[in-house]
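Sharing a structure here in structure tokens format.
Each chain carries a letter (A, B, C and D) given by its place in the written order, and its residues are counted from 1.
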């Protein structure tokens, strides 16, 4: 079953752009770019159980690193894309020690603060970020490949435009990220993360260096966030500091939860729902045309979007992967996949 | 026994895919895909968004009907609709009808890009709401040579040939207003500024700084805030302590109210100078209409100077206003009178002028429309907004400001004091950036 | 090998135990018994550095254990099991045992993620399988732990302790909640580890039958104070021990 | 000095509003371990309901406020019973995510129903004020402080002297044990959510009062109350109040006195920085204690 599924998925992903309209391809590209970042967050939250609402800050750091190195210093995308990951990872490494002291939702709120602090820095570091006015981001140039709008790649009869190029680049990086985390999960560090998520104190007694594992999870997570940010900024071509907002963090965490925490397919599925759904909903035929008075399609989209999250998680708290499991089980084969439940240890405090 | 766990090494995945690097990218022969009836018929050459056989032209409007700017986006969309409905009803442009496609990006750059890619080959002209979203698609607009009218007055637009802003840049408005204000009195008063910490605020600040240097008034303090703040006491207190006689407000209406209200409560009553977007009719009364219940800040706003986008509603001094009000009453009666409606109406008028010239030239291709825009010359907006001029040299379409004073006793609450005010300060500003 | 001196632990006003001192010689199996609330588990939690004692010292092979962080204990040669199981339910038995070998592995996340840690991984998987075989659980390797019966989980946990290759093993109630047959198996297993492999063991247990069968010496705690230490036979005769257990069943024999 | 006093008053009045919002968070968190991200939307809904009743329907102001408090209490309880109860026992973050989804939906619904324009609140105070020791005191701010104090006193009395308060405390300590004692835990959860709705409404009322007005961005203020609850300790009602005041004063004071080298609008992040610094020293907030570690 699995042996057929993976190649089929790859073929599907590769052929997808040729069956989509320009707008749908744009959406798909954003989804795959986001999925790289979500794959990172899945390591931190899904594997290691650390809830972060600060993902947007790392995405932003990656985007600006890419812009400064790629645009201002004219370096190759071979340099600035990885460098974006490294810069974000460094920030992650700095934050790890703070995370060591905090548990559960305390960490969530502190990382929420990180988003606001990062935005403050972005707003005031005008030399790097353009300040409030925002700045342009470089188009990817990989050797002979130019990803700027207006450039096309012709492979025989097939023409791939700028959006398509970004799509494939993002797809390759996403595949690499997924392979990395898949391996990770089945190696020493990944197991240690899961142990940490389930029983932090017990894991430590078993010899797991809890501090190092947490920092590692933060580093991997923010590295992928940085890569995602570099591509996002580049594909979007322009952004202001308020782009890297709490809303973006919430979308990321929603994506990994809706997709199914700690699962391999979760980040991509979740991103497809969270990042593509609003634009898909808007095109529903029964919605009123924009500006035709009454409820606007935009408002209806947001309402539907919020309600879908509520309804979905109420009915299937394990996410999309949980639904896939149900379908499979109802067909009577296969054991349930190992979808972990994220148990936040709610600290019981004594208070006076 | 299970095989040891691994799928292809991530490095291998990247490596393999880079093998294709033998080929490379080239330029696309852009623009001519996806248009319906793109071939020339009769004497007019078609292009994307142009149906030569049916004689229709489609204009896209990526607006902000939801999200933080929706209070402004909705009247803008209504203004566009009303203008083109009226235009089509009166026979269109030499028999050509204009169709409008309105989309909502919620003021989000990412959504804006997605929608742009969806409609770019289906439209001949574009309206794009807001600076950040428009900047996100600017590179794409340049590539597609799609003439675009932004609902945004950033100075920087003047530098891009495909962008056709309809109005005076923010910085010019501030410079003109300060020039006007300082020339009313004999001595040089202290003037402060409160501005929103974003690019809109920054452009206003640019005008303020230029005016301060040129006009030589004293700095009464520069205070910033974040959109959405409700607490302004500290900022106001500092302006008050500095002794500012006049204060420029570069804000959105949701902040203008608290700023002016806080000042009033603290007994600080400077001459307010509001940048155009800082004003909204609902700042004065409950629903923005003349006889509705006044707001708590209405009294404090009385007498404030506003660099308005457009003449007051129904202004008899503006010949174009009659036609505008008629179109409003007939096609968009549900939309309360708004300067944003008038602004959008005027910008649609410019779009119609561009199309008229392109049709006259017999070329509705992207290149033809761009050429028409660059060579359009002056467009008289009937006093609704100061007239605009487009030339191949670029630069701001207008450097003149419509300066008004808030008067809660008139419809629309704005009374013009200068219909088309220009100044040396403004003229020296350039496009910045 | 293990020297505990004057160890005291308090939670606010409540004293968990006070002035506990004892030694465990290399290759010895010392059992700690006592009525509920005597402080046995708290003692374990201090030894595994979960609780911070107010005073006293713990030395292992001459090293000061209280200066170490709890995650360093494994590398110092201390392994422990947990009363309520320290297993990760969603992982397989093999993966759980592998967690116990974390301190013996060297490859970090980067090599692991890039798939460059496979040689090491394979070696440790083999070791983990051997540990599972030691406790007779080799067939459970690929089973997800939360689907296993309780007795099997206990064995997997013991396998993890074995896989940690410790000098000193702390077992917290290894037969609690087991059926009689399972108890017998587990007792035998512990005895084998002790006798055949020469492991040093410290055992907290309620099941006197097991204690009497496997322990070299027994330490009795009551209300946080050591009241007796000696061979099983000596302790059984001790008057204070009998008094402490008054009203509680002192299950001797099986 | 006058300036300092003026800012202090503004800080305290802002802090009082944060305290109301923070208490709403803490009440829910104590009983269920969930941080209610829909608190901002509830606050917004409360402010708009008051505005709608008082200006569109024409209900007198005080009854409008009371009715809104009751309506939002019902809505809170309804959300708990209709949605959250179904997912009881699921991982905390699933519940938190559900509150985020609900928040998005409610905020969009309000915008769809009322439009994005600003509205009048319909309060009797408007911009009226008086002066004391050179400090301008607007009536709406003063009433904000008075109502906050009254609400807090009522809450603490409820918490301390009624059996529901005791039940809430017990549920917070150990839900299973409480259930086994025969305390109707389900009803306790209903009550906490009803309380959260009421407190949010009062918070919304004073955030939307002069010089502000009901507008869709008001809900963001709930985000500023986060530092308050973390500062105080997520489970401590006293902490929420102290944290709220601290954050309000910090915000206004840094707005007034922070050097420009800290960047524009430093005041907006000062609460978060204060929060992180305090958490580094006290990881469970000023009033929280580290939990006994469980293995």
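The definition used in the following text is that contacts are C-beta pairs under 8 Å (C-beta built on N, C-alpha and C of every residue); 3 or more make two chains touch, one makes a residue touch a chain.
Small disclaimer: the values here were computed from a predicted structure and weren't measured.
Peer 1: Report back the single chain whose CA centre is most distant from the CA centre of chain C.
Peer 2: B
Peer 1: Higher C-beta contact count, A-C or A-B?
Peer 2: A-B
Peer 1: Provide the C-alpha centroid distance between chain B and chain C, rounded to the nearest whole angstrom.
Peer 2: Centre-to-centre distance between chain B and chain C: 73 Å.
Peer 1: Round to the nearest whole Å and give the separation of the Cα centres of chain A and chain C.
Peer 2: The computed centroid separation for chain A versus chain C comes out at 42 Å.
Peer 1: In whole angstrom, what separates the CA-based centres of chain A and chain D?
Peer 2: The mean C-alpha positions of chain A and chain D differ by 31 Å.
Peer 1: Two-or-more-chain contact residues of chain D, please, as numbers and ranges.
Peer 2: Chain D, residues with two or more chain partners: 108, 111, 264-265, 268, 292-293, 295.
Peer 1: On chain A, where are the residues touching two or more other chains?
Peer 2: In chain A, 123, 179-180, 183, 186-187, 199, 201-202, 205, 296, 299, 301-302 touch at least two other chains.
Peer 1: Mind pulling the residue numbers of chain B that touch at least two other chains?
Peer 2: Chain B, residues with two or more chain partners: 5-7, 9-11, 66, 70, 74, 197.
Peer 1: Help me check something: in the complex, which residues belonging to chain A touch chain D?
Peer 2: So the residues of chain A touching chain D come out as 45, 51, 98, 101-106, 108-110, 112-114, 116-117, 119-121, 123-124, 199, 201-202, 205, 246, 250, 253-254, 257-258, 295-296, 299-310, 313-314, 317, 341-352.
Peer 1: Hey, which residues of chain A end up touching chain C in the complex?
Peer 2: Spelled out, the residues of chain A in touch with chain C are 179-181, 183-184, 186-192, 194-195, 198-199, 201-211, 216, 219-220, 335, 338-340.
Peer 1: Across the complex, what residues on chain D touch chain B?
Peer 2: 3, 6-7, 10, 14, 55, 108, 111, 115-120, 126-127, 129, 136, 138, 207, 210-213, 215-218, 220-221, 251-253, 255-256, 264-265, 267-268
Peer 1: Once bound in the complex, which stretches of chain C touch chain A?
Peer 2: Residue list for chain C touching chain A: 48-50, 69-71, 73-75, 79-80, 82, 86, 88-91, 95, 98-100, 102-103, 105, 107-109, 111-115, 117, 120-121, 144, 160, 164.
Peer 1: Under the stated contact criterion, what part of chain B meets chain D in this complex?
Peer 2: Going by the criterion above, the answer is residues 66, 68, 70-71, 74, 197, 224-235, 237-238, 241, 253-254, 257-262, 264-267, 280, 282-283, 286-288, 293, 295-297, 300.
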